[in-house]
């Protein structure tokens, strides 16, 4: 803390804690008027952001064409494991992010929201491909395609392309890493789910099973 | 000449002496020794698991013409550190309808079972957390506790995939444990002891895998297969069966609870390879060839813990090699393989071994 | 499903709208063979490149049985076409043999407000899902179908999207501005 | 080997049956297929697929677009057979409008389609390994697929959704390096198929997992309208390239890969054999292809589709795709029905999976090689 108190540009250095905008600080010392939010927390942030940004485990979620390019990115030539992404988890409980690879239809959108809610915080979403960004080729005239996945779940990084090349996906993932590195543990709040007017359809396998 | 290896590691003795000089209370000395041992072991286990995960990822990558983790530290060596920190700081979800107590207990059971088993392994002469005269019996008992953790996890998760995984695990691990124990028993007959230390000592004149008239080789193969199944590794990973059961028994586990399962899995791999190395490959004993004294002398210069870890990691590599080569068996094929082929073979092996030990003696005593 | 089971199975299918006059053209041997199989009720219609035979909708099961008996074992597709101006759905059954390189289409009309026809799923198993899809997209009921319910859209979906007069008020459908 | 249990339904009381949802997000349903499985222990008593999780309404969209614009939608049906889908649609339009295709374009279409077939089967081979629990084949398959992607990329700038074959020919001529690169790939890939055989086919676990598993008899396959490798693995010698020749396929000497058993293993070896046959076709096509010449017929600015019904069929990597087109003298089609191979192939799946284990669902579905957007359209 002492380091920050001695900061020459800080007028309140050494004085009593003044009320500032850092209301939702994690520790009491965070309320101190310090330029970067405090020595302790920045170090913690650096460590956590370093760990989180370098260990992004995606959920295996691909609906259409983009999923193939996502798999290509995981394959030998492009190899996203170099950045620590390769541990694709099949269960949302162990994933850190969703790469929404492909078209999201209204029937799938409610399920995607469930999947998103099942991921533990902190979590990120990468909208991969034109369909996930805006509906893409299915923007006009399609009655069943959601016009952008950000109408269903909050999106951190948008990646255009139909489908984007693996290099683009790696670029987008690195942008996501950059974004994570700017976050702060103290002020980070979970994203708010956008309003989505369609109910979750209760999945009752026994009723939906074809009993003939 | 063999005395040389005893001189390199008097750390424990030194620690005991130092403590006795300063504390003067034998009980306190024992307690401090225990705490130090537990601390060292805990640190060792964490580092070991991270190293094993890193190795696994690199081995996999290079078998698949990839590079594996590269960006986090030189050649990505801090990749698993990042993974661990991330997992420790993630939100830990306990789903609504689970059996909370059992759900939270299960990963601990798995982890502790693996962790405790490791304390019986002699890493080098006198570097052994607990020395117990029925060590091998105890280790087999403790490590089978892990299956309770898996069963509990699957049952408490209130998820059908988890339940399927847990039921598979129960059937699989209990079955394959039989073969593993029978394979070890065949060697224990020759060694005549259940104490790990003495098992290592008994191999001063040759490793059991060579010295036991072929019984050792058969027993080693059976043990390798059965222990791979016990750790739920491919081709026997039907418990997790990612393409079938999403993630099997740990489908509902997140963050640190999942990390415990993850660590336990890798420690179990290390554990079975360590048992294998100790029983079949002479533990920390250096490699000796008959009368070639000069060569044996050079081998003696290598510290014993290097020998031990070299052997264990070679075996770990084999297990990883399995994983990235073989597809997975189906559950009925798995059980058929155990009960129709592996266990009868292990029984015959044990019987032949017993007869040989009783009447045949050792052919290769000169080693 | 309850919807499919509600009408008694032997209920007569409502009569079809009279077909538009077929364009007379000289049928080739393959078309003659089909005409022979189909019997006197069928009329050849040479519009477009696909040989088309128009039959009455009450006879569709009978016609399909005849075709199957004649070795036409491959139902490529069934589809409906909506003609709201003429107040009819047109059902197209494209059939061929696995040993043959020519396909043809059997066409029948049903009234739009009735939208009901007998299933052929017991003749070709392939018709099962195809008919479910038509039910999903056009709302045409297939009598005696074993499992008639929506296949592609949610069960709660309102309306039948491939009808020409379908207007989606629930989802945000953006019309192409050009 | 026969099915492990035949009439478990009679033996097991109902309280032991339970239902599990497989999908829509599940690692081995190849996208977002959802299946409801009724189980007794590990034995499958019944299975109901639920489709439509990527139903994108392509058939409705075609009614608002012109014939040439629709080509780009066909890429996105079965994105692993993009060239073949484009081709089948182009043939439909060409048939409707009576457009002739230049000879060089016909050869390019064949070469591109066969390359796509190989790429699709490579991906299938990798994913098949992954579904069975072996991760390594997946990466080997993708490694070789990248070479084909490079060839595509140089010809049309895209790796997956090509939009290269269009009504009247192909969009643009290939570069000068095309022939050499394609020949190099053929030479490279011939021994690689043998590597595939050693890595996966020779593995005893793979054989145990696939031989006799999920048998689809020929008569049921025909009844369900299965096509492609699924049908050919049931012993039906039916390949549109032979039985309903289109393009310049009659000029090539190749054989249809057929295997009579109808089990998962048969579907596996049929696809491997198809890759070999495709290499043969590519070599012949490269030899026969005119070195110069136009690749696209000049089309009128608006293509009015005359009144009537048109249909063209093409053999994709998964089976037969058919476009049924109804025109009414306007540039936009009145109705396009797309008959996709996976839709029909999958309809046979619930019947043959009964009595097998949970793990076999994954195996058999993998050998059916479904692409979910192709099912849902």
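As written, the chains take the letters A, B, C and D, and residue 1 is the first residue of each chain.
Note that a contact is a pair of C-beta atoms (placed from the backbone, for glycine too) under 8 Å apart; a residue touches a chain by one contact, two chains touch by 3 or more.
This is a predicted model, so every value here is computed, not measured.
By number of C-beta pairs in contact, A-D leads when B-D and A-D are compared. Centroid distances from subunit B, each centroid being the mean of CA atoms, peak for C.
Inter-chain spacing, taken between the CA centroids of subunit B and subunit D, is 45 Å. If you average the CA atoms of subunit A and of subunit D, the two centres end up 34 Å from each other.
For this pair, subunit C with subunit D, the centres built from the Cα atoms lie 26 Å apart. Distance from the subunit A centre to the subunit C centre is 47 Å, each centre being the mean of its Cα atoms.
Across the assembly, subunit B contributes 64-66, 242, 246 as residues in contact with two or more other chains.
Counting partner chains per residue, subunit A has residues 76, 90, 107, 140-144, 210 touching two or more of them.
Within subunit C, the positions touching two or more other chains are listed as 153-154, 161, 175-176.
In the complex of the two chains, the subunit D residues touching subunit A come out as 19-21, 24-27, 31-32, 36, 38, 46, 48, 50, 52-58, 60-61, 63-65, 72-73, 75-76, 79-80, 123, 138-140, 142-143, 145-146, 149, 159-161, 350, 372-373.
Within the complex formed with subunit A, the subunit C residues making contact are 146-147, 153-156, 161, 166, 168, 171-176. On the side of subunit A, the complex with subunit C involves touching residues 106-107, 139-144, 147, 201, 210, 212.
Here subunit A touches subunit D in the complex through residues 59-65, 67-69, 71-72, 75-77, 90, 92, 102-103, 105, 107-108, 111, 115, 137-138, 140-145, 162-163, 165, 203, 205-206, 208-211, going by the rule given at the top.
Those residues of subunit B that touch subunit D in the complex are listed here as 60, 63-66, 160-161, 164, 168, 234-235, 237-238, 241-246, 324-333.
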